[in-house]
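Shared between the two complexes below is chain A, which pairs with chain B and chain C, respectively.
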Partner chain A sequence: MIRFVGVRLFHAAFVMLAVSLIAFSLFRFVGDPIAQMVGTETSIEDQERLREQLGLNDSLPEQFGRFVGDLVRGDFGFSFRTREPIGEMIVARLPATLELSLVSLLLSLVIGIPAGAYTAIRNKSPGATAVLLVSLVGVSVPTFVIGIALIYVFGVELGWLPTFGRGETVAIGWWTTGLATLSGLKAIIMPAATLAVYQLTLTMRLVRSEMLEVMRSDHIRFAEARGLSHGTIHYRHGLRGTLVPVVTIVGLQFGGIIAFSIVTESVFQWPGMGLLFLESIRFVDIPVMSVYLVIVAALFVLINLIVDITYFLIDPRIRVRAREG
Partner chain B sequence: MASLARRWRDFTLNNEIVYLWLRAPAAQIATLVATVLIAATLAAPLVAPTDPFDLATFSILDSFVPPVWTDGGDPRFILGTDDQGRDLLSSILYGARLSILVGAAAIAFAVVIGVSLGMIAGYFGGWLDTVIMRVADVQLSLPAIMTALLIDGVARGILPAARHDDLMFYVLVGAIGLSLWVNFARTARASTLVERGKEYVQAAEILGVGRFRILLTHILPNIRGPIMVIMTVDLAVAILLEATLSFLGVGVPASQPSLGTLIRIGNDYIFSGEWWVVAFPALTLIVLIISVNVVGDFLRDALNPKLR
Partner chain C sequence: MALLEIDNLTVEYPTRFGVVTAIRDVSLKLEPGRIHGLVGESGAGKSTVGAAVMGLIASPGRVASGSIKLTGEELVGADDNLRRGYRGKRMAMIFQDPLTSLDPLFTVEDQLIETIRHHLPFTADQARKRALTLLEAVGIDDAPRRMRDYPHQFSGGMRQRVVIALAICTEPELIIADEPTTALDVSVQKQILALIRRLARRHDIGVIFVTHDIGVIGEVTDFVSVMYQGEVVETGPTELILGGPQQRYTKSLMAAVPRLGKRLPRFPTPGGDIGGKGGDDAEAWLLRRDETSTSTAVINAETANQMLNVDRITVEFGPGGLFGRGQRVRAVDDVSFAIGRGEVLGLVGESGSGKSTIAKSIVGLVRPDSGCIWYGDADLCARDSNEAGAVRHEVQMIFQDPYSSLNNRWRIGDIVAEPLSVYRLAESRRQARALVASVLDLVGVGRENMHRYPHQFSGGQRQRIAIARALVARPRLLVCDEPTSALDVSIQAQILNLLKDLQARLGLTILFISHNLPVVRQMADRVVVLRNGRVEETGEAEAFFNEPQSAYGKELLAETPSLHLLGPVIAMI
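Take a look at the complex of A and B:
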């Protein structure tokens, strides 16, 4: 166990180092940081002094070491565009993205797992075929088109739900939540649904294919031979066997959700990190881009680490392999 | 001399994919739809009623004409017009053309990079294999849309702002291609590993054929099946990526709108009731992606012996 976690931690550290190197080269080599910081009327001497002060004349390994050190201490530098400290910008927007991601993850699991199980158990029935057909649409319709369609129907035509923003938020310490007010809850429905559609179809298809395999295995046949009821067979023996991969799905989906939250936040003007990242791309705000990259990579690595360890704990086969290898 | 009908029968019976295709109505419809759409868009300059990029052909007086079958429609504009008075049908044809061109070019780019790296990794093995596949693993943990956005953003930083509009096509192709190469590399590597041990490769090696020549003329023709499947499946992904980037405003310049740009423009008018400006480009995009997806799924199943 300790060795397994140790190896995983080493991998995680390696990935984070590689990502910081990319972020550092972005920051250092894409455009001249000094030219971005000062106005045109600053003299060459002043620019040189600033360059010296910021340590941009030191050797590259030294600069990289300082860059990583600053990141670890949580000092993310300043945005070229707004001149605000990036740390504060991120902290202000992180809750919005995390709430949106968690709600849509929940939606996709709560709908996707039962739907996947249903299509596997009633394989080839009209109902299951219909669900699969709808899921094909779910993979093929772009996220932003779903968002626009929802806005048109529920925001413009029916006028039931707000079409942009988070609604009223309540501050709990540094965390602002939209889940505690009615307008906040109403505002999260459409973005979360938009974000969930694609993930939902993925979950459904994965659970379905896993379940189809489990239903063919010997222990299910044995359960049938024992004369157990279909409900017991399907849900206690069949679905349970498929739940192990679901842990991985959650891990994989988290990456997709963070990535597609950029699109969803853009459609609904949701004030989260994705919108911040998008603005930084549009305005070539390199420091914000590189910090976003590092933070998202850290989130991914953390989630993958948790998934790996959970997998290790619930799947005995991996434990055996780790002991042998 | 065998009659034409008989030759056709032999062809359909001997070629597995054609045989299966003739028995899969969904794949037939999808192929038809995709072919018609792609042909119509490639021939856009010939079939489109007007040239949406030519400022002389449209007038602001014609702005927001609804589709022809609704009240206030104008027979000149079958699907209506946008905020500038441009014929929507023409814009869609030209826009889809750009979307398909970017998607196809990006896939070609991804195939060249992915297949050559994958074949090198599979054939030579050793540290080359380790390095290439490690990079692929790390990239695979980032979703393609994120990689594409990052490369797009970096390119914007490096390139001079004045030339952005001219270069965006290449930036997009590069960004999308670089975010999709991993699939090709993994498939090419796995197939190359299998082929490498076969007698014909050993025979070529003993005859002293150069290693890159073996890769190109002996192994490549034998691994193209799975690669072609991924090309079809990923074409839909590439078109979707392009549309998403353009929708987010970091894709092709607004003067030469792709389907994604048209949807972004139309999105501004849904609140005022001009639904057609966004609905028809979106519908075209969806139909295009679904039909390419269905063809891709069919090819994947047809070439996968496990499923038969």
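Take a look at the complex of A and C:
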């Protein structure tokens, strides 16, 4: 197990180095950093002096080494747009995005897995068909339409829920949470639901197709021949067998939500990373964009590691294979 | 009172094309402690009988009429909950494939305790004790430790023992065993059969034993019912049915069973032989030597007595590369043998003995780590060898499973024509077409079927198509890897006859790989016995089967189910 994680961490380091290289190239070669920093009235001599000071005349490997070193030390540099340290900007935004993603992930799992199991066990019954039909709508309608529809119904017409922002937040150390206050909880419902719709459908359909497959397998027939109850067969032996692929896809999707909840965040003016990214693109704030790239990559790598470890807990066959080499 | 009484049982499956009757008017009677065999070819409905007794007929199938009585109690139409209560408690089932019948995610202990506690009022500790006793009873060594293991940590035979432990854990009166030894090696099969027999006798359990293997029937059953197309054609005590069958179908079935004790020039097939005749164009073309394109290596292979010489090859599998750790497995270890021209060499051994790896090395799918394979003067293992490339088409392979060896999206005419275009053997499309048609005639599929797809053919026909595909490459050496082990006995007899005919007509040299000794006896001139990747014995086939020299050879022959109950073949036709 430890060796397995060690090998994975080694792989992860490689991936992060490669991503850093891309982020560095983005920062260094997409436009001239000096030209973007200074105004038109700065003299050529001043520009050259700045170039020298910032080390932009050093060899590329040296510059890249410094770039990676700064990242490792947590020094992310400054935004072109706001002149704030990027590290602080990210820290301020990250909790909002993570909370939104976690709540929507939870929603999609809590509803998606039982719904998938139900549609598989009651395959072709009217109830299952109805659930599948509704879910088809879920994948077909774009996220922003769902978001706007929710805002219109619950925010504007009924006035039950706030239409933008996170509500009141409470700071726990550097982490600000909206889950501890009523207004925060109310504010997260609609964006989380919007973000969860697609996830939920995917999880449900995946669980369903995997479970239909598992229910046809010999060990389920053998469980029936042993006279076990339906509940045991369906949930203990059936559902558990479906979880490995589900964990994989859910993990990848979760990374996707964190990184690309841009549309939802902008519809609901959610002060998270997605909104930050959108603003950075608008102002060609390249340092923020490259740091964002590195952080998103780090999150993906981390999630994949967690997914791999989860396999261990679910499937004993992987445990043995890993032990053998 | 009989333990199980089945009367005029009929099971139907409604389909889009009308109702299909899976079994019709099946009756049988089983006493406690007895083993009743159900034998027949695929599609005969034997598994359906077992499923009907268990109440596990897959929907939309249903029992249309008849009765199933367990100690006098009617099961057909009985309450679902009652039947589920009986399943696993009063009657248990053993499936064919021990690799898949256990849940891979739970330990053996968990699955045993789960079943015991579901049916009996035991505490977890009592159930664990019982599980331990059971595992010891079915012959699992070191049971206290092994019961914590997961199914994949057991070998096939050990896993089937676990399945049997699960089946008997609630002391059932009846066990349905559906092909319980088909996936196992002969030595393991012998042990499992002995175990089932012992359990039946000792605990007075009645067993319905479903199998397609006449040898197994002769070994383990007291009574047997022969099924054909959903009906019981003949039933009675095993020695009577096997020794003196009365019905035409039973006679032909018994005649098609390869005998270990005697080599027949060909199998009697009552319906007449399919294929091996016609296809004269193809024969002429296949026999023609194309001197201009033939390399010197080939000419030497033809003139020399040895067609193929396998010289001390070793093949290893295992982790490699940057993160490679752990043990490399030596699948083939220093193996040498030669095949003479026009000879049929039988390569025998149990699973894991390296038979298939050797076949793959010869056709170039696996590269040996050391040693070489000479085809005439050409080294088939040499890297970038032009010689090997030039003779590659002369060595063709026929695979075990005709269901996966043909591309389902291609028409069979195109499948058979592919080697012609790959090796540029045909001069024109028209010639290719004509050749394919003629070869299909030759193997008995019929040229009119060229435009159909593989799924429209039965297993036997598919194997004929695979043979046709191998033939059009104009091979001199045919490597057959278990060519009939996925087929029914009567189909097997036809395919073996076809191979014999083709060998005689075309002067083919054949490497015939099989775990089935009776089949090898019918085919091989010489045999090579493999075990764990090493050669145990090489010799003339007749000498080997009459008096094997190695201890392992003796063991193998002794473990093969004997067919002493069967009468002589001639008397059956």
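To be clear about the criterion, the second predicted complex is superposed on the first by the 303 of 325 C-alpha atoms of A that agree within 3 Å, B and C clash if a C-alpha of one lies under 4 Å from a C-alpha of the other, contacts with A are read in each partner's own complex, and residues count from 1 in each chain.
By definition in this document, a contact is a pair of C-beta atoms (placed from the backbone, for glycine too) under 8 Å apart; a residue touches a chain by one contact, two chains touch by 3 or more.
What you see is a predicted model, and the numbers here were worked out from it, not measured in a lab.
Within the superposed three-chain model, A:Phe144 lies in touch with chain B and out of touch with chain C [touch as defined at top].
Once the two complexes are overlaid on the shared chain, A:Ile262 sits against chain B while remaining clear of chain C. Contact with chain C, but none with chain B, is seen for A:Gly227 once the two complexes are overlaid on the shared chain. In the superposition on chain A, A:Ser217 makes contact with chain C only, not with chain B.
Touch criterion not met for A:Leu158: it reaches neither chain B nor chain C. Chain A has more of its residues touched by B than by the other of chain B and chain C. In the superposition on chain A, A:Leu182 makes contact with neither chain B nor chain C. By the touch criterion stated above, A:Met289 is placed in contact with chain B alone, chain C being left untouched.
Common to the chain B and chain C contact sets on chain A is no residue at all.
Note for the complex: chain A touches chain C at residues 7, 217-219, 221-229, 232, 236-237, 240-241, 314-317, 320, 324-325. By the touch rule above, chain C contacts chain A in their complex via residues 54, 56, 84-89, 92-93, 95, 97, 100-107, 114-115, 118-119, 150, 152-153, 163, 166, 319, 323-326. Chain contact summary for the complex, chain A toward chain B: residues 15, 18, 26, 30-31, 136-137, 139-145, 148-149, 151-152, 156, 163, 255-256, 258-260, 262-263, 266-267, 277-278, 280-282, 284, 286, 289, 293, 296-297, 300, 304. The touching residues of chain B, when paired with chain A in their complex, are 138, 141-143, 145-146, 149-150, 152-154, 156-158, 236, 240, 243-244, 247-250, 263, 267, 270-271, 273, 275, 278, 282, 285-286, 289-290, 293-294.
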